[in-house]
Amino acid sequence: MNVTAVVFYVFAAWAVASALLCITRSNALTSALWLVSTMFALAAIFVILNAQFIAAIQVLVYAGAVMVLFLFVIMLLNLEVVPHDWKRWPVWMLGLGLAAVLGATLLPLRNYTSDRLAREISNLPGAVNSNLVFPREDSALAVAQGAVGHIAQPLFQAYLIPFEITSVLLLVAVIGAVVLAKRKL
Amino acid sequence: MGIDLSSPGGATLALLPEILLTFWALVVLLFVAWRHRDGYDMRTAGALSLLGYISAVAATGWLAWRGAHADGLSFMIALDGFRFASDALLLWIAGAVTILSVRWLIRQGILAPEYYPLLMLATVGMMLLAGAADLITLFLGLEVMSISVYILAGFDRTRRASAEAALKYFLIGAFASGFLLYGIALTYGATGQFNFGLIGAQFAATPPTLMAKLGMGMILIGFAFKVAAVPFHAWAPDVYEGAPTPITAFMASGIKAAAFLALARVLSEVFPAMVELWRPVVFGLAVVTILIGNLSALSQTSMKRMLAYSAIAHAGYLFLALWAHSDEGTAAVLVYLLAYSITTIAAFGILASIERAGARTVLLTDLEGLFAVRPFASMGLSVCMLSLLGFPGTFGFIGKWFLLSAALHQGQTVLPVIAMVGSAISIGYYLPVVLAMTLKPTRTRQAHQTIRFPRPARIAVAICIFAILLLGVWPNTVLNFATQKAVQLRQSALPLGNR
Amino acid sequence: MIQLVWLAVLFPLLGAVINAALAFRRPMAKTAVSIVGVGVMAAAFAVALAVFRELQQSPVASYSVVLWHWMPVTDRLSIDLAFQVDHLSSVMLLVITGVGGLIHLFSVGYMRSDPGYARYFAYLNLFIVFMLVLVLGASLPVSFIGWEGVGLCSYLLIGFWYEVDANSNAGKKAFLANRIGDFGVLIAMFLIWWSLGTLDFTGIMMQGGAHWSRGSTMPLLVALFLFLGCTGKSAQIPLYVWLPDAMAGPTPVSALIHAATMVTAGVFLVVRTAAVFTLAPVALEVVAVVGALTAFFAATIGLRQYDIKKVLAYSTVSQLGYMFLGVGTTAFASGIFHLITHAFFKALLFLGAGSVIHAMHHALHHAHSHADPQDMRNMGGLRRAMPWTFALMGIATLAIAGVPPFAGFFSKDEILGAAFARGSEHPIYYVCWALGLAAALMTAFYMSRLVAMTFFGKYRGGEKSAEHLHEAPWVMTGPLVILAILTIGGGLINLPHFAGGSSWLEHWLAPVVQVAMMMVTPTPEIPSGMETTLIALAIVAAVTGLVGGYVLTTRSSIVTPEHAPEERGIWSLLYHKYYVDEVYHRLIVDPTMWLSRRALWQTVDAFLIDRIGVGGTARLAEGLGWLGSRLQNGQVAFYVTMFAVGAVLILRTLVR
Amino acid sequence: MADFLSSIGYEHWVIHVLLGLPILAIPAILFSPVKSARYIAFGVALTELVVGIGLWWAYDSSRSGMQFVTDISWVQGFGIGYRVGIDGLSVLMVLLSVIMLPLVVWSSWRGIDQKQRGFYALIMALNTGMLGVFVATDLFLFYMFWEMLLIPMYFMIGIWGSANRLYAATKFVIYTFVGSFMMLVAIIWMVAVVAKTTGVTSFAYSNLLDHAELLRPWGAWLFTAFALAFAVKVPLFPFHTWLPDAHTEAPTAGSVDLAVILLKMGTYGFLRFAIPFFPMFALSKTTGMVMATLAVIGIIYAALVAMVQPDLKRLIAYSSVSHLGFVMLGIWGSTVESVQGAIMVMVSHGLSTGALFFMIGMLYERRHTRKITDYGGLARITPMLATAFVITAFSSIGLPGLNGFVGEFLVLIGSFGRYPWLVGAASTVVVFSAGYMLWSTQRVFFNRLTNPLNEGIGDLNLRELAVIVPLIVAMIWVGLYPAPLLKRTSGAAHAYIEMIQPVLPKPALADPEVHR
Amino acid sequence: MDTRLLLGPTLVVSAILFVLGVAGVLVRRNAIVVFMCVELMLNAVNLTFIAFAQLHGVSGQIMVFFVMTVAAAEAAVGLAIILAIFRHTQSVDLAHINLLKG
């Protein structure tokens, strides 16, 4: 196990722990902060996984802008902190139980390695080297893959249509926020 | 007319209807920003948005007329007859809802002309969803549509019910989006592609893997939510009841149509190779949706709620056509959606005009004796109920027959029987509406007499009723058209050899 | 003329139609009604005579007159509306049109003052139509038209005065009892057709002989079902109960339908299908035993009735029993003989009783008395006021009692003789004979009681009404005279050898029963000494009965009904007709009604099918729907939980 | 006559005119002045009669198979066509429908005093529907007519019915709809199965009949689906409880149409579709026994229940159940005799029950009650009505010489060989039917007139006589000379028996043929 | 090291986060918290995309970009809706938001 892996596991544990705290804290504000913490951990993992640009906007946009919006609304509403109602334990048991079953269904994904995925995609018998199926660039390029330019080019060429759709989406969001938040129609 | 979708010019051409509609939405938005004082402005905004729909229809028609098709791969957006048919269907729904909305909004005192651009952008989202040839487009289209409709459902936010509807729809919708997105991620992981054709080709070449199965399951869950299939249906009655009535009509017909059209495309282009895997899921969804939808509708007193459950039940029927997974099935989806949307819009149109400003939702008992005062409205609503019931002589029957036919031609007998059991149950809630209007004595004569049926809505509803009856006995054109479009859908998936 | 035999049916039919039209349009046109009503009977009688004459001279014994194809369904089942003119039907034709005509004539006087005069004649004519169809029918279904048709007319005529509930009830009862019998005839037809492939009488006779072996099950079943029909129509045990009630109709109706013609249809049917019966010896025994029992049983009831028509009604039941005893011993000709003589004297008795009632009714009416004009306890000493009627009824009484040389003596004696003769084959016939003899004794007794109570002693109807008593008009007494002549001389048609006759009727009917008689052993000859003894016994019984009846009746003091004490002991049992009606009511009518109302309608229909079945399904659906909408509790948490359950289920299904 | 008819091309247009004329009349009636609505309706009805009665001569009874055939493609590519035709099974039903139409209109002349236009429009729609069911030779078309009939009937009961009309109308529709919803699945499934083998998608009756062999593996299910639809309509015990309510609450015209035509659609359906398509299953020993037993239970059961009904219309309704049981028995008797008998019962039940409902309607118009105990002794003041009623009552209980007997007799004698015990049991109904009919007649028309309210009841007027007398004439005519009717159905009955002969189990009793 | 080897562990972390998000939605009553749990689910899915993008190329990362945009839009609208309902009920407790039911 090398350093990268260790770092990965540390941040993974951090993310999971923060998420767990996020869903269990009774105070909405605390929950939001733990969610921000999860997002930071995820941003770190993104970097490890060679998605530097995404990691950057994860911190800037997601953890920064979006979550601040959340915090802002929470503060605005000035909600009183309601401690957990322990009479609702059956709901918790049911919810966590269902989530556990769902998790158990998803758990077999842990067995996926790049080799296995390569085998499944290429549909070849026996052991398949993933490097043959997934073209492997040199390490520098791999790092560069997550860079801005590398994302921007396809974003404005191949993914032009979705990109334009997001603009529509944001337009909708703007109108919506205005319409819904206006004091008076 | 071959179009190279990878070039910006080609993409523009292919997306002409959507672009035009967006353009008009911006025009309306600008107009709204300029004038948003009174009912007159509202009406003007509505008329402008109708122009937008008309231009989008024209663009769709032009593309279809020129036989637009993709040179090579359908990139991001599909270019085939099925998409044009879907677009036409969705545009007609949106246009009709716009007509119904104009007076209704004014009467209810909702003087916010942003309504129209939102409706148009929602329609853009629906068209993108139904016409997507790529999971990214699909997701974004779905979100454009959903977010618009979240807002529209809560548009009458001075009413608590409307706000509550929006919240419920939004929370559960976002939750469902998460599932859909996870499904997309896993499918992407399993194939390395977002494009429908390429994924389909990949699945055709390899046996289904765990990741593919999970991905497909998650995507199905996402769609099951959108079409309000049991047990993902629970939001529907509440949201339908709380939302403004024209938006309810829009949701019941438009969103359902867009989701089903997209699902039909996804199932026939992305997952055709896994048909034996998803058929049992569709089967199970159909059974519980038909039975629970119909049974729950029995005990409703509110018309909107009853129609919500009826909408759930109809989603169950539509699964029959998906199960069939054949040209006939795809055509049946189109025909049934058309029949269902015409009927639903007419029914909601009549209900909307019966509603009084700020009053609670229309109850079954409010309809009693309507025939004596408003004979044509109640006849129209009766025809709608019969069409929803699938009564011979109405378009609804043709749709149902086509659905059953599609399933039976594939050797499926259980689902048609269950569908007909559901129909038999449904008579228990459709018939009382007819009964209340025509046979019960009126208790609220004065109330009925104050009903105002605005002319645009009246004309739209009359056309719908006429269409229900005419297509009920003369469905040739529609049937042939739908079959032709279904064949085109198959052919557009064919070059990649995934059938 | 034989081919024109349908004229005999057509004339009364025309009469019925015209009278019906008159009944609606001109209910008061009594002359026209009388002329039409009686005229068509005269015409029919003329046709009957002509047919009879022609048949006498014809070398062929049987003609079939096809009118039209009635039910041409297949080659197998093609029923024609055809008449069969043969020796049997020609005789019946004469009796029906003859006696019928006389009774029509009598009715002109009897019904004169009735507001439903035209309607009455329409019914009466219609009855003749059906009766003729019955006897002329060439096949069972055609006869069945008449068979049920006479039931219809009987129903209408019994309930003629429908405004009295009891009359309507009696009519209904008669039709229902007949229908039970008709059920038997229907089944018999089905059995015959499926095993013989024909329904024509000649066909049955021929095919039956060819395909059925004597004593086998099929002819037995057929015969028993046919006989069930006969017990209904001819008022035998167990279906006789309707006949006494049928006296609710006008008295000429009782004479015509419930004495002379319709009720004898059963006897006629047995003779018509004699071949079937002779193939089933057991059935013959049943017929004989039922006949004898009925004769005896009805006679006992007759002993203690006070209503003059009721006495005659039970007497009719009893006499019909005789006829069945006759045909049951294969003495078919004797049965028919008794049928004919009975038609004469019983018609005479009824019409006589009609005259009496007519007179009593008038007298009581004038005296504003509400006493029952039919109750013999209100009568007495009428011989002074109504000498003709007294004399004619006296003749009939002697005839029915079996006093030689009146007609009844010969016919009755032949039947008893035949029963005794068959006794050597099977001892049951001895029992039948004994019952018959006892019945004869009782018949003589109650008949002389009737005459004694009515005509002797002193008038008990009250002073005021006495002066209004008078003899009936000539249109009423005239037919009585003719019937009396027939009663006296009727015996001649089958005068036996020992009385110097030639048994004409027996020879005449021989071709009809020829095939049937080949299937049975001929009736054993009775030694002539024995025969004389039997005759002597019969005469002794008759005379004893007559004298006993007269003496006992005139000696006892008769009190009017309102002062009558409760009947006691055996008399009570007889007076109440053994409570048979009550028993039937308890055992059959009440349970059927209970079954229909409580069990079937209210329980099965309303409760099980409607409430539990249909309503239950609806409620189940509604209940499930209610449950379904309970899931819709408004809680987002619950909705997403359902969502998650669904998601888990779908995923588990896929990755299973 | 036949020559004249063929010279005017009668066989080419008669069915279209019969079907289309009432439809065209509907707008005319709806948009006419209220006063003239009934005249238009009557005019149309008379025209229908004049046009339709020509079938009597134009129908060639020497030919079996469909006549007056029209086959126009309707929904191209989906095998649906406007296919119509008439054969021996349907010709009498069509005639009965057109004969009844003017009588129905005329009988409503006074009784319907509100919303006249709607009423007559519905009668017209009903008529087209009824005729359509009998002439359709395309299963899609048949199903459409079959279901569309519900609407006019629903409103007729629901709007012009008596007190409990909403319940009755709803029950009627739900029963019928629930009964027939499986039929649609069965029809489509049959077409799918046939199309799979032959490659031809067609809803044509002949197409499905020719390939009935292919349907055999699913015979049981398909037959059950059809049988459910038809059994409810017949109505076969225990699916009969809608009928007393519907009959009782419907206005006179509705009751008459219901009794005369609608009930026949079920039995017609069995003869035309359910048995010929799936003879192997339908005529198997078990199915036959079940159906015949249900028929016989219905016959006796309904007669017994009829006996204790306090309501005249209810009583007649139960008697209908009983009579239709005879039809079912005849159908499963499966001999030419029994099938002919079944058709004859269908016709004569139409005549006599129709007449009974007309007369009860006339009584109801006068006294506004149907309770038997409210009447009594009417014969004195309404002699013509009483006479007509008694004649009809006797025709209804099958008095030989009147129409009722012919059918019942043929059914019973024809079925006796196959089901001797059941027929024996069924025959006992002659007693019960006399019981309920005579008892009710007595309580209405005979006995003493005790209720002073009845004193003022008038006898039949000319219009009413004109409605009743033709029916009574027909009763006597059919009773005494049914040969022309039998002749017209004979070809079809023979062809039908020939068709099912190969799969018919041997009857319990020997065939009468052997002795010939 | 070759970070592609972390595919399996990444998928598991992603699944766990997703499931935690689902669990949060199921058990929490505060509408804002529920919405945050949905955001957690989206984040989890993003991780999956990133993991696959290592193998399949940059398209996965671009998808994440779009997802973030959607999340932002949803957040804007969603929070506006929550504000709107808060104005009616003075609460964001989902247990109290059940006017519509049945």
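When the chains are written out, they are named A, B, C, D and E in that same order, and each has its own residue count from 1.
Throughout what follows, contacts are C-beta pairs under 8 Å (C-beta built on N, C-alpha and C of every residue); 3 or more make two chains touch, one makes a residue touch a chain.
The structure displayed is predicted, hence computed values, not measured ones.
Trainee: For chain A and chain D, what is the smallest step count along a path of chains that touch one another?
Mentor: 2
Trainee: Go through the assembly and pull out the chains touching chain B as well as chain C.
Mentor: Intersection of chain B and chain C contact lists gives A, D, E.
Trainee: If every chain is reduced to the average of its C-alpha atoms, which one ends up farthest from chain C?
Mentor: Following the centroid criterion, the farthest chain would be A.
Trainee: Looking at mean CA positions, which chain is nearest the middle of everything shown?
Mentor: D
Trainee: Can you identify which chains form the pair with the largest number of contacting C-beta pairs?
Mentor: A-E
Trainee: Counting in whole Å, what is the centre-to-centre distance of chain C and chain D, each centre being its mean C-alpha position?
Mentor: For chain C versus chain D, the centre distance works out to 37 Å.
Trainee: How big is the gap, in whole Å, between where the Cα atoms of chain D centre and where those of chain E centre?
Mentor: 66
Trainee: Taking each chain's centre as the mean position of its Cα atoms, how many Å separate chain A from chain C?
Mentor: Chain centres of chain A and chain C, defined by C-alpha means, are spaced 103 Å apart.
Trainee: Just how far, in Å, is the C-alpha centre of chain E from the one of chain B?
Mentor: The separation of the two C-alpha centroids amounts to 26 Å.
Trainee: Among the residues of chain B, which ones contact at least 2 other chains?
Mentor: Residues 136, 140, 143, 147, 150-151, 154, 157, 166-168, 171, 175, 189, 192, 210, 214, 237-238, 300, 428.
Trainee: Could you list which residues of chain C touch at least two other chains?
Mentor: Each of 629, 632, 634, 636-637, 640-641, 644-645, 647, 651, 655 in chain C touches at least two other chains.
Trainee: For each chain, which other chains does it touch, given as pairs?
Mentor: So, checking each combination of chains, I get A-B, A-C, A-E, B-C, B-D, B-E, C-D, C-E as the touching pairs.
Trainee: Can you list the residues on chain A that touch chain E in the complex?
Mentor: 2, 4-5, 8-9, 12, 15-16, 19-20, 22-23, 28, 31-32, 35, 38-39, 42, 45-46, 48-51, 53-54, 57-58, 61-62, 65-66, 69-70, 73-74, 76-77, 79, 82, 88, 91-92, 94-96, 98-100, 102-103, 106-107, 109-114, 117, 130, 134, 145-146, 150-151, 154-155, 159, 162-163, 166, 169-170, 172-174, 176-177, 180-181
Trainee: Touching chain E in the complex: which residues of chain C?
Mentor: Against chain E, the touching part of chain C is residues 629-630, 632-637, 640-641, 644.
Trainee: In the complex, go through chain E and note every residue touching chain A.
Mentor: Checking each residue of chain E against chain A gives 1, 3-13, 15-24, 26-28, 30, 32-33, 35-37, 39-40, 43, 46-47, 50-51, 53-56, 58-59, 61-62, 64-66, 68-77, 79-84, 86, 92-93.
Trainee: So in the complex, which bits of chain B are touching chain E?
Mentor: Those residues of chain B that touch chain E are 136, 139-140, 143, 147, 150-151, 154, 157, 160-161, 163-168, 170-171, 174-175, 177-178, 181-182, 184-186, 188-189, 192-194, 237-239, 241-242, 300, 305.
Trainee: For the complex, which residues does chain D have touching chain B?
Mentor: Contacts found on chain D: 74-78, 140, 143-148, 151, 155, 158-159, 165-166, 169-170, 173-174, 177-178, 181-182, 184-185, 188-189, 191-192, 195-196, 221.
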